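My questions all concern the structure below.
Letters A, B, C and D name the chains as they come in the text, with residue numbers starting at 1 for each one.
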Amino acid sequence: MDLEAEFERAVSGEQRVEPRDWMPDGYRKTLIRQIAQHAHSEIIGMQPEGNWISRAPSLRRKAILLAKVQDEAGHGLYLYAATETLGADRGELTENLVNGRQKYSSIFNYPTLSYADVGTIGWLVDGAAICNQVPLCRTSYGPYARAMIRICKEESFHQRQGYELLMTMMSGTDAQRAMVQESVDRFWWPSLMMFGPPDSESANTEQSMKWRIKRNTNDELRQKFVDMTVPQAEKLGVTLPDPALKWNPERGHYDFGQPDWDEFWQVVGGNGPANAQRVAHRRKAHEDGEWVRAAAAAHAARHARQEGVA
Amino acid sequence: MDLEAEFERAVSGEQRVEPRDWMPDGYRKTLIRQIAQHAHSEIIGMQPEGNWISRAPSLRRKAILLAKVQDEAGHGLYLYAATETLGADRGELTENLVNGRQKYSSIFNYPTLSYADVGTIGWLVDGAAICNQVPLCRTSYGPYARAMIRICKEESFHQRQGYELLMTMMSGTDAQRAMVQESVDRFWWPSLMMFGPPDSESANTEQSMKWRIKRNTNDELRQKFVDMTVPQAEKLGVTLPDPALKWNPERGHYDFGQPDWDEFWQVVGGNGPANAQRVAHRRKAHEDGEWVRAAAAAHAARHARQEGVA
Amino acid sequence: RADLFAYCLMLGDDALVLSQRLAEWCSRAPELEEDVALANIALDLLGQARLLLTRAGEVEGLGRDEDALAYLRDERDFRNVHLAEIECGPFAGGDFATTMARLLVFSTWKIAQYSALLGFADPVVAAVAAKGLKELAYHRDHAAQWVVRLGDGTDESHRRMQAGLERVWPFVEELFAAHPVEQRLGLDPAAYRAEFDSVIDTVLAAAGLKRPTSVPAARVNGRAGRDGVHTEAMGYLLAEMQHLHRSLPGATW
Amino acid sequence: RADLFAYCLMLGDDALVLSQRLAEWCSRAPELEEDVALANIALDLLGQARLLLTRAGEVEGLGRDEDALAYLRDERDFRNVHLAEIECGPFAGGDFATTMARLLVFSTWKIAQYSALLGFADPVVAAVAAKGLKELAYHRDHAAQWVVRLGDGTDESHRRMQAGLERVWPFVEELFAAHPVEQRLGLDPAAYRAEFDSVIDTVLAAAGLKRPTSVPAARVNGRAGRDGVHTEAMGYLLAEMQHLHRSLPGATW
């Protein structure tokens, strides 16, 4: 296959693939799956934080949170648009989500149980997402790379806001400090799981790296996240719930313990604390909106017909 | 008509009419209408107080309120049973309620806006109901009279509980006292309206008095209520919002102002502050329960058939 | 001054409470674009509310800031109109059509109200009105487009849109009833009723919908939202909104 | 003592939170008789909760009464099982069948739990258990009758009843997982799992329903309701329940 060889040469030469370029079927499918999963994560990710909008403890925090959740909807829109450049159908991807055929980031299957979780999600979850996503700004597929540049910029902003909320709470009352620590205790391990299983157990990594879709292994990114986060935790004054966490001067990295991978596989398999709730929520919104979308389509069709006649 | 004359003689001689006795059609219809309206009032009356069960400010108050609302459901049941002794069908009466063809006490078309309203409803609304209902314990139709005896006993208990709640609040904080006064301001006039329009405008009174269904005119009962309530208000330390309210030593009664009868007719006509909400709430519960009642009926029918076979 | 304080609360509470309601759609809208749009509108209104409540606190002069006014006032002291607080979806009591009916009515009325405030004596209120007008023009446009789309969509959407209008229409009269505070400030909402009607009629005509016939909601003792007398929905809204703030007294956020 | 305090909270919170949920049916039940029955059950549970929380306060010895514990504790300090707090109707997340499924599971489990407490070292807890058993027998009976009626009613009711069981089943495992507090008090919920299963199987057989297949709900970091880690529904329940009490500090009721 000349085309295939040409493609391989282009991507290994760091050239961008654009929608009209030829690409192998596997590349296209892998990308659609990965970008859709990312889009779904943004959409499902609206729920755990959205859960606190109505109860935000100050109007300023309410505005910040509402804007952030709105950004997530926006990210979902860019990413679905990127899949459409690959020939995917947004309606079909949504069906895949609400029917559980496609996944989203496992982190959103954990509940948000206090307002500190809003800060922790910003700090740890968005922080981990950024570690995952910064390399994707140089991913081989052009539209995806450009969407990621925009998204990463907004995510960094969200991460700073999350950290700032936690900082404010840590300098508040004892109750607020306890709330932050309790939240970090719950989210630390799930955050480490966001990088996926250890490289030894990761099925898709090798081909994706070759295609320049992925650029780092799960374990590399996880290490980078830990190295970045530990000093931030110290500055914040919270304890990360890992007794094995320790600076290793020889490696020049922090050593850390392993998350409970059984829990990870259970959550990925659909049985986390909130999987059923998240998908049911999305499905309900989708089904409740069916008549609205049908009406908009009917109106648009009638309007188009009338213009055609005129 | 011999039967009719016999009937008239019996009721004017204070004899009780029982289900199997002959009675004029008008008497039967008037009674069904009145008892059904009373039953509907108990059922709709669950809503304004039920509105506060989930938010009751102490567990003791929650228990008292829940028990009271439960009693109202119970009263509804006795009264529907009394209509059934007259040949009415409970399902049909419920349809009449949810379709707005039959009325209920206009007082329940006012919203409950603070916990003090729970006390005020007990004190003023149940108080007015008792004034209306005590004479009905001697009403000519036996099953109705007996239901009223039981209901009046429970209503008196509720009234004392309501008054006790207000007393407790009045000896509490300034905020609590203000809450009570504000609540009494809202409920005073609607309570006076509970006795119906002035005698001069009341259509049904005369025949009902002759049949010994009713035993006092609206205005007589209203006066009795005012005379009873004013000293209670003084003891409580609240101001009744009627500048015309004053002891009249010549009449031996309190003089008082007239409620806004335009408002009364508007509320009775279906356009009070909460009419639409109350009926919609009832209708929704009725419709949502349809499949449950259908299932119970199907199960009972199958069970009966199987027993017949065995 | 007391009148200006009260008036700032009226305007601020209208915006705050409707913002709270609209934000309930977040992650529940019929399409993703609408999640973005409704959040945007809720944010605009929240922004207006913050400026107005802050101004109210300054005028009052007792040191209450926007949060003290939003979180530590009791229901009786909220002065928003009923239209802002009633449930119009996504939960019980409404749907997307009802939400759009309310938004159309609310923003059409607010535009007229803010327009009348452009030369208002208090410069902060006048400035909020000026800035708010641009935002509200977008809100009204957005709502009007949906009302037309749904009115002229399918049979079901037409039926729902008409029902949504009937549901909110009883709360229109309150919008144009001058409150004593407004009267003393020289403001008369009745003055822009005709303008309101004409905008609504235009939208309804384009949508093929009928002017609603539901009668105005009755007042309680002559009082309504502007007097702090609300509907039963308001208490639940405030319980949810205020609970966390009240649970941690003395906390800073 | 700390263990006994915690255990009283566990039992008291189970009863309080389920009572709160059941009372939501008030004025919303499928028939009037059921309004009465559900209110009755909610009252029984509320009564148990009051005795148990009062006892918790006594054991703690810091002067907290039933109201301080019900209204002024934060979510993290509530120790009820998730089964009590999840939404099973009349609002989102359930219907009458789901409510009956939960009530059957809850009361069957509670009967076994209270039976095991009849000889418990703390006489107050033992007495509450003894009194509670009579009430719970009625609750279980009531729920079982409905489960049978709905399982063996119409196609729709059968489908809903099975779905209701599937909805609550993930929360069963937590009921039988011994918490360290229970272990230290010498209590082992696992001991009555077989009894529970046999009662449930009997009812399901009579109803023509299948044993649910939904998998147990995952814990968060190994923790669940008994550790104060709840579902997202809990915060809303507490906001509504506690708001008024917290809004008037120092008030007596």
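Keep in mind that, in the parts below, contacts are C-beta pairs under 8 Å (C-beta built on N, C-alpha and C of every residue); 3 or more make two chains touch, one makes a residue touch a chain.
On a predicted model such as this, the values are computed, not experimentally measured, just so you know.
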Target chain D, source chain C, minimum contact steps: 1
Chains contacting each of chain A and chain D, listed by label: C
From chain A, the most remote chain by mean C-alpha position: B
Centroid spacing, where centroids are CA-atom means, of chain B and chain D in whole angstrom: 34
Separation of chain A from chain B, taking each centre as the mean of its C-alpha atoms, in whole Å: 58
Shared-contact residues (touching 2 or more other chains) in chain C: 74, 239-240, 243-244
Sites on chain B at which at least two other chains make contact: 55, 175
Chain contact graph, described as a line, ring, star, complete graph or other shape: other
Inter-chain touch pairs (all): A-C, A-D, B-C, B-D, C-D
Touch list for chain D against partner chain A, complex: 74-76, 170, 215, 217-221, 229-232, 234-235, 239
Chain C residues within the chain D interface of the complex: 74, 91-92, 236, 238-240, 242-244, 246-247
Chain D residues touching chain B - in the complex, by the definition given at the top: 16, 20, 23-24, 26-36, 39-40, 42-43, 46-47, 49-50, 53, 66-67, 70-71, 90, 95-97, 148-150, 152-154, 156-157, 160, 240-241, 243-245, 248, 250-253
Interface residues, chain B side, partner chain D - complex: 43, 46-47, 50, 53-63, 66-67, 69-70, 73-74, 76-77, 80, 115, 165, 168-169, 171-173, 175-176, 281-282, 284-285, 288-296, 298-300, 302
Chain A residues within the chain D interface of the complex: 51, 55, 110-114, 175, 179, 182, 185-186, 189, 263, 266-267, 271-274, 276-277
